[in-house]
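This report refers to the structure that appears directly beneath it.
Chain IDs A, B, C and D follow the sequence of writing; residue 1 opens each chain.
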């Protein structure tokens, strides 16, 4: 390596292939140059920079003092909070924290939720990451997980049954979100295959179903679940509200899922179908062995995005009276001790959703990048 | 697709099988071992959850009393929180067995919505609450005001009628729950909050400075609040009706949570004996056992105790008995005799 | 159709043979599907009929013509508590449309702006917008709505102390009050000239196109259109003696009186939907423009087309093709999300016919049917419009 | 028609018989009155300008395309709408595509064992042994556990051939197997095909590789605009083409 101070010999003084590496001329690299390029490249950019810096400064200082510096963590009521300091009263979150996580789930049984939650990550590992140790064997556990989780959460098999009306908070959000996604995936696949099918009736039925569900808001479907669905069941049959909501959420998610998977199916080259045909595979064999494994892989980022959407949409259940994490925190505003602390409560919920959704969207980005580069393996 | 359809069919079949034969509500509840009781999503004093997530309040006590009568324990209740909008559907669709949710008895609800009302457990009327700072002393001065009003309630209809009858205008601010109404009112989104006077008192009680707010003298409607069940199940209706009556009777007869066990061993007063099942077989006639009333009173107290404990003058809500006093004290609480 | 006959090796009974035949099998599968679906729906409907009968209800829409008995705060048509449920439904539809249209417009503008900032090489602005976008779109829209509503209601001043801009605009926790227009009789001329201006601008643009095709000369279409659409009505406005007055709101006893208010419920819903959707649109715009190969810009520059022109003629038309389909689904999402109005009591479709009317009349089945049909119709209309637009720009691009 | 079918490795058994077959794509008449008989063990090369219907013709033989008129009888089974017949034919007919159409999510070995396991219900172990045998024949046993995406085009096409052979087909169809390959890879695929030809396999091959045709084909068929214009033994075909269209075509592809 030579330095910039070296005299540069006249051209032709080197044999081909023996030119030394020279440092770039001064002023083209380094922090100053970076700032010139990225902050002050034009008058407009300079103005933009100054405005942005001002906004960031104001927000950080004012929010910072409210959020952190002047905040109160432990107190018994809002008045007690205000007596201590002028910032946010996080005491409301602290006192309601367990409620916001477990809902009304009995104290003695909460270990089951914790266990189910830990096992969730064990089950998700092999699904989410290719290079998970002993992936093939762990996959079996993942397949069994929904059953395990069902018994852990609802009870049965020797565990004390817990009524669904005690579900609430984060755990309800997770129950709805995860049930929605696991049930909607197979239904979504079938719908996508139906919409992609050569049989006109099948195609029409699936298309109508998908378009109907996508055409109406989730909240309308939830209202259908809460006010109409029981009318359609035989007299005497009752589904509890959570079950009805799960049905609707599953339908809703499966219509979106079907569209994502249809995208994946459409991206399959025609040759794959032909090769499967030429080998004499039946329709279902071809789909199961050849087409779906590939189509699903391409669709994973879309599936994750659908899941993020579904997960955020679980908040809507509060409108029909199920207390998810937003609902349960909102209801604490009715507690005379804490009323008027809307900002703290909403912010807490927002941060909860942000962390989980952001993590998921990062994962989806990671997958997308992996699919792009590792397409050929 | 074939798989989906067969799946749906199997699912439907399973649902039918699992349903079994639907008997009366009483048998259903007994078989289930749990009472599904429809309450509000939260109204201080009437039905609300405490920090441990336990439901409490004037209406919630009735749920516990009913569960005690039918199932033997006041804990065997599943509370179904509903908004003003979803409550009747929850009842009609079978999600709840009984509705104890400060619900006004009206003819159309009784006749058109196919509910059966069983009596009044709280006589109420719709009132207005305003901040003192507005300097308003009568509801008739409210021309042009913004009024917070819970949608899907009779109060909403009364309000429209009242303003129309007085030829004044207002801006309705629709809210879903009392909690929202309270938040909006305190934030100044509306000038006036209107709901049942009891609800206003309950809400005002939770304010930092209750003295800064006035409940206006006009009571613009009769709001007899009472429980309801689905139409067409007389046995169940009887059970709920007599739970309602027996607590009023208990207060009249001086039976309290504290002395009910002692009195249940037998007294010289035949009225008390009949109520507590030491005389007669009214419990069996209802489809319950003879101790049912003892359990009700032990669980929720008599009417006066329930009132005092949850909404009475010594609580933050500080409601006077008023119309809800015993008939012997000049109120309207009057239980038909148990005999 | 194949004319080949089934070869004689076939035995067994004919149903099996039909099942083995490719065409008849597909027919059989389809017939079974239809039959099962039909049976399923018949099952549902018969259940519904039994259940309704059991509680003594029926299924009819007569209640639509009965008085609704409730008041609505923000109505675009004349409405009182004596109006019918049908009118309440119309109010709801108009309110939904209003928030959806306003939302779509602001979300698009804001989204394009943020998308462009995300593309700029200004580090601070870029990162700041990135953080905002990530935060907003990873939080449920319902939370945004209640949060913004909370802020509007709690933080903004009481109407007595309303923020006041030149005694014409007022902002308080009762909403944003614009002055209300009062049209004089002569205003009709301004309206006519405005319509004429649009037609004129359209004709001029066609003429200019033709001139450019024929002679290669570019006429100033933009400025001419501006003249036609804005200038002409302005001139007519002054000639006809300024027949339009703006009457600002005034302080009343409780509220501001008069003016054109945007109620807090509307503001919260509109802002939340706009901001939330804008974040998605920003990413769509960014992705759309990034997707255009840099080679396209280089090629345009190499041909000597100026920077601005190359954006207009080369980049935008191609980026739009990428942007429009996901943009459509965002518009659909926004419209559907407007049903969350119910969380703040904005009286849209869900609030009127799907809310208060449903509850006051107890006609769940009828009301929900109407709600579903209305939303479906709206979604289909937006898709149809955007598909039409999409096919149009595809054509233009070719 | 089949005058020169007398070479010693051709049996009298008929492998494929096509009588008066027509096919349309919508209004477009792609194949016009095709009559063709292929005996077992015969190797046929089909050539012709692009769009002449030669690919469509061989795709009709395993019913990737449906014909609308006429008969196709493959290995004694008539191709109709009857799914059982179609399945039976596809079991006996292997096919190689221009773009290989390997399954990218499966390893080379899995690609080869998939159909034997699922269609022929062969035990997995046996299927794998067969697969390795054929992979050795196409000279890439060492790549068995790689994924198609890791192989070169020539290797992929050889895997595709091995994959078809694993079904132990009686007839092999090749649809322009070398036209998507870089020039230096063509010969490795052709070598494999020549080896295959020496085993006596019935082969129908759409290709422009005239060297290959000369070397192994019993018969060359020239198609244009959906018709069989001319068919002959290779030497005759190349040196003494009868029709003008054939002459034009040959001059174009042999000169370049």
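Here is the rule we go by: a residue touches a chain if its C-beta (ideal position, glycine included) is under 8 Å from a C-beta of that chain, and two chains touch if they have at least 3 such contacts.
These numbers come from a predicted model, not from an experiment.
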Intersection of contact partners for chain A and chain B: C
Relative to chain B, chain with the most remote C-alpha centre: D
Centroid spacing, where centroids are CA-atom means, of chain A and chain D in whole angstrom: 49
Between chain B and chain C, centroid-to-centroid distance (C-alpha), Å: 42
Intercentroid distance (Cα basis), chain D paired with chain B, Å: 82
Cα-centroid distance, chain C relative to chain D, in whole angstrom: 56
Chain B: positions in contact with at least two other chains: 1, 89, 176, 183
Overlap residues in chain D, where contacts from two or more other chains coincide: none
Chain C: positions in contact with at least two other chains: 29, 33, 37, 54, 150, 154, 342-343, 358, 364
Interchain contacts, given as pairs of chains that touch: A-B, A-C, A-D, B-C, C-D
In the complex, chain B residues that touch chain C: 1-2, 5, 8-9, 12, 84-85, 88-89, 92, 112-114, 134, 142-146, 151-152, 156-157, 159-161, 163-164, 170-176, 180, 183-184, 187-189, 191, 230-232
Residue ranges of chain C touching chain D (in the complex, touch as defined): 1-7, 10, 17, 20-25
List of chain C residues in touch with chain A within their complex: 26, 29-30, 33-34, 37, 44, 47-48, 50-52, 54, 117, 120-125, 128, 134-135, 138-143, 146-147, 150, 154, 332, 336-340, 342-343, 350, 354, 358, 364-365, 368, 371-372, 375-376, 379-380
Complex contacts: residues of chain A adjacent to chain D: 269, 271-272, 274-275, 277-282, 285, 289-290, 293-294, 297, 375-377
Complex interface listing, chain B residues touching chain A: 1, 3-4, 15-16, 18-22, 34, 41-42, 44, 48-49, 51, 53, 78-83, 86, 89-90, 93-95, 176-179, 182-183, 186, 205-206, 208, 316
